[in-house]
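Presented below are the structures under discussion, each in the form of structure tokens.
In what follows, chain A forms one complex with chain B and a second complex with chain C.
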Partner chain A sequence: MAYVATRGGERAIEQSERLFKQELGTITPAKVKQVRETMPYLVDRVMGEASLYDRDVAALALAQTGGELSEAVLLLRAWRTTQPRISVAKPLEQDELHVFRRISAAFKDIPGGQLLGPSLDYAHRLLATEVLSGEDYTPEPVDAAEKAAPSHQPSVSAWLSSQGLVDDADHDDTAPDDIPDLTREPLLFPAKRAHRLQSLARADSGGVLALGYSAMRGYGQAHPTVSELRLTEAEIEVRHPCGTSFSAGRVKVSQAEVVSKAKGERLERGFAATFGWNEVKCISAATLDLNADGAEKNSAVEEEFFLYHTEGVESSGFCIHFKLPHYVTFQSSLDAMRDAKAKKQTPQMEAAE
Partner chain B sequence: MADQQSRHAFVLATLARGDDADIKQFAEQLLESMGEVEVINNRTGLVMLPMRDTVEGTAFHLGEVLVAEAHIKALGQDGYGMKTGRDLEVAMAIAVIDAAWQAGHEISTIDEFVNTQAEMIAANDNERMRAVEATRVNMETF
Partner chain C sequence: MSLKSLSKEWEAVSYGFLDASAKRELRRKMLKAVAVPGCQMPYASREVPMARGWGTGGLQVSLTLMNPKTVVKVIDQGADDSVNAASIRKFLTRVTGAEATWDTLEATLIQSRHRVPEEKLTKDQILVLQVPNPEPLRTVEPNMSIARQMHADADYSRMWLQLYEQIVRSGRVMQGASYPSMVNGRHVMTPSPIPRWDVPKLHMAEHLTILSAGREKRIFAVPPHTRVEPLVFSDVPYKVEEHGDITCARSALKGFFMNEIPNDDGTSSYEVSDSNLGIKALNAPEDASQKIGETWYQDGEWAQ
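So, the complex of A and B:
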């Protein structure tokens, strides 16, 4: 790849950036707060893809880029590198998550029951156009139950294991500091499971959906059924200098486990989780995980294919680089084309003479 | 010892989820009688958050959480505060309260403050989970 050095664009570049920012207007703390409070699911999506959890910083990135998601995620990934890593928290366990929604499409009667939580799954998709005519739209309040739902729920996977329907999960006793980390080591194939799941956690939601959907439509080897979908809040368990382990607060985490029809005596499963509440991403990513082992080379469900192509910063960056000056490479293609054309015409002219 | 450590964890966790303005104000009051405070660290940074996968039990990284951290020496104790977000002042306030609590300085006032904060947090959590309970599916009625 070669670029040609040019002069004369500095003013245009400066004004172009100014024009982009001018059209967005002044970014105020109030505007950032409004983005954070009115679009929590968008903020969640950006935090997941940036693999950086902070609602204020994510809302700022959205406000500063006018909601251009690739730019917002890039901004956050870049900003993240300015911050020191203080520690690695204790790994999250299923029975310690605070569960706000948990459903199973595969099993009707799961221990702990099914909690729909906040969802539009069964809603009429009606646009509240009256708001555009000057009326407020105030949603109906929830008729809260007398008794609160238990904060913690047993996982469906533990129940499946107790029923002998799935292989027991090994207990991975890797120390938190030794867990493989994609942000500090290269992604090599076949990928470590920790790398695959980390990569899916920070993958582009749309990319994961597109490839996961291709598997769901039949281009994969296994059709998913949601064994358990969870929207949760997780405690960030860190250590005091004197050794006390304590929670520094909560973050939203979503996860999905999908199952395929049994091929032998056990159900096959796929798993994915991400920062924020993002169900579509988790189900799609879990479907890719379910289909990955033994997948055909270069198919959409093959690990190397989907991990490389759902990395949002790399893919959007590669895409947008094509609009940057390619004058040298393209000029050389034109030269070759003109040369071929000239050579083709020369014998004809000689023959005519 | 275990009880003391578990109460310590409760104090720190409660302050991490408590009301920022209340915590700052309370720490200001405590500081007046605490003598010299040495600040070792007061910064924002990242805590990597791992999770265990339900299929193979593999621990993997979900991503990093932005936190504010404060580490001080006061009353002969390591006062420490960490809270999600980027509010350095509240992290410092937590560290101040923590140092005082460990030193047994105005312990009953601190315990009372922490318990009040914990009650507010629990009431809010309870309200949210009552709303969640309203969404429980009763399969018998299908």
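So, the complex of A and C:
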């Protein structure tokens, strides 16, 4: 009788996937729209980690994975791979951004003013449990200021720089098209400045927070002072092949600049920015950036250490790969272990004599 | 001549999933890897519709090398029907239109996780090994920048020391799979977590082996007729797993790498790890096309 190969594997994975998707039910355009509208900060977070700014696509990824964040980000990154890189947008200066919120912890007041914008910072974190008993929760309406704050604001960094308190960043005249792109080139160390910032921008928010927090608690050399935190919208200005420039729309961008206490005559700076509004990630990432230069090898604030270990798609993928069968490698180790054990139990010839 | 006649119709996804620029980078890095055997070449490593650590490196190499005439075999731990092998095979054939096979002899490209098939590969075949960790020095030096410098200096002293310490402590080298091996007398590489049983199959082989780590973004290669020598001391010979005398409980094959299956009564039974070899052995009496090809090992011994 011939041995019939079981193709159980193929059927099993098919059904397992169906089971997962069945639990989530039908994905409708309405569901995707609801995710996009009710959870803008979650959508922002996955867009940042996916390094792909498209709220509809991000909301779809969240709906399709039931909010399994690492799966949602992977879905977006894989989709991103299939998309062509059409153009590089014009680099922006800080005072060209549309500012919705900007605060500085370094000064009581700053040129342009502290602008609180939307924030839960001073809210009492109380659950609106009445909703569960059938009542709607409607937030109090905003009383608009008599005079709207100007949309464009100078950066605190520019003021620090004008006072000679920080080193001016090295002027980089790389042409926009030649800016190194982490998604098209391998990350090597010491990393290019663009690679480090891009890698932090797409890093896992939780991972960046964990390592950034370790630096803040004291495992890093530099304690951050938030020089400026910004929630903004940036105009994507691209060139048409015929030579004209136009706006392809706006994206939400958050950024943080932190400075350390002066070690010499000047303050040291750390910077991070990401797609979407994600303050925790930017402050943590800027803290890592601040601590990176001259960091001890293999410490949590060393560039290689934190860039590798905060890469969400790589780390989550590797973590779940341990579910795959490893019986060949396990067998190989067992063989060596049993042989070593047998050698110990067999009295050595010399000892016997 | 019009622009339309010179260009292709627009398609939502490129042939073989990866776009032309990704494939070009991979081809260049593969050529570099072949030119400097065993040396790890960094590459961008695109995200593919599979989780990192699940064969994304092997997948990118396969996608780049495959064409509609390719006959592809995908195995995981030696088995064609393993869930992840099934998933990768399905994706590869779907996006390239290539044919799939379970038969090692029929395949022109074999993507494998943790095994080299038992039947000898020929010059017309390419073996793509999935690599979780491309850095053989990782256990002695986790920092990639320092390890890279150590490779440049051919400084493998800590590797040797680690093997020596194992012999002193345990009476033998305790390395199981991923046995560090010197390639072409210059670069130490990890052969990926294949068992020690499989490492000699890469040495002076007829076929090309490409090893690719998608998550770690490194590619390296063993071209045909290239030396792959496990790191050993001259007085402590290299030892493969003691599977030469074990008989497969299902196919009665003997002298190949085996999977150990624990029994309820505390004993173990064994089945041949190269699952299609077992299937062939079972079907051969009734089906002449199921003939087993020449194998690297004969009667459980390495055959020259």
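In the analysis below, the second predicted complex is superposed on the first by the 325 of 353 C-alpha atoms of A that agree within 3 Å, B and C clash if a C-alpha of one lies under 4 Å from a C-alpha of the other, contacts with A are read in each partner's own complex, and residues count from 1 in each chain.
Just so it is clear, a residue touches a chain if its C-beta (ideal position, glycine included) is under 8 Å from a C-beta of that chain, and two chains touch if they have at least 3 such contacts.
Just so it is clear, the structure is predicted and the values come from calculations on it, not from any experiment.
Looking at the overlay, does A:88 come into contact with chain B only (first), chain C only (second), both, or neither?
After superposition on chain A, A:88 lies in contact with chain B alone.
With the two structures laid over each other on chain A, which partner does A:273 touch: chain B (first), chain C (second), both, or neither?
The answer is first: A:273 touches chain B but not chain C.
So in the superposed three-chain picture, is A:131 touching just chain B, just chain C, both, or none of them (first/second/both/neither)?
Neither partner.
Tell me which of chain B and chain C touches more residues of chain A.
B
So in the superposed three-chain picture, is A:172 touching just chain B, just chain C, both, or none of them (first/second/both/neither)?
Once the two structures are laid over each other on A, A:172 reaches chain B alone.
State whether A:80 touches chain B only (first), chain C only (second), both chains, or neither.
In the superposed model, A:80 contacts both chain B and chain C.
Who does A:53 touch here: chain B (first), chain C (second), both, or neither?
first
Applying the touch criterion given at the start, work out whether A:316 contacts chain B, chain C, both or neither, answering first, second, both or neither.
In the superposed model, A:316 contacts chain C only, not chain B.
So, does A:202 touch the first partner chain B, the second partner chain C, both, or neither?
First partner only, chain B.
Indicate the residue numbers of chain A shared between its chain B interface and its chain C interface, in ascending order.
Residues 80, 84, 183, which sit in both footprints.
Under the definition above, what is the set of chain B residues touching chain A in their complex?
By the definition above, chain B touches chain A via 5, 8-9, 12-13, 16-17, 43-67, 69, 71, 78, 80, 82-86, 98, 102, 125-137, 139.
Contact residues on chain C for chain A in the complex?
Those in contact with chain A are residues 12-14, 17-19, 21-22, 25, 42-54, 56, 76-87, 90, 102, 113-115, 132, 142-146, 170-178, 193-197, 215, 217, 239, 241-243, 250-251, 257-260, 273, 275-276, 278-279, 282-283, 286-287.
Touching residues of chain A toward chain B in the complex: what are they?
Its residues touching chain B are 47-48, 50-54, 56-57, 80, 83-94, 100-101, 103, 108-109, 113-119, 142-151, 155, 157, 169-172, 174, 176, 179-183, 193-198, 201-202, 228, 234-236, 238, 240-251, 253, 255, 257, 269-271, 273-275, 289.
Which part of chain A faces chain C closely enough to touch in the complex?
Within the complex, chain A contacts chain C at residues 2-3, 5-10, 12-13, 74-75, 77-78, 80-82, 84, 183-190, 297-298, 304, 308, 313-314, 316-321, 324-337, 339-340, 343-344.
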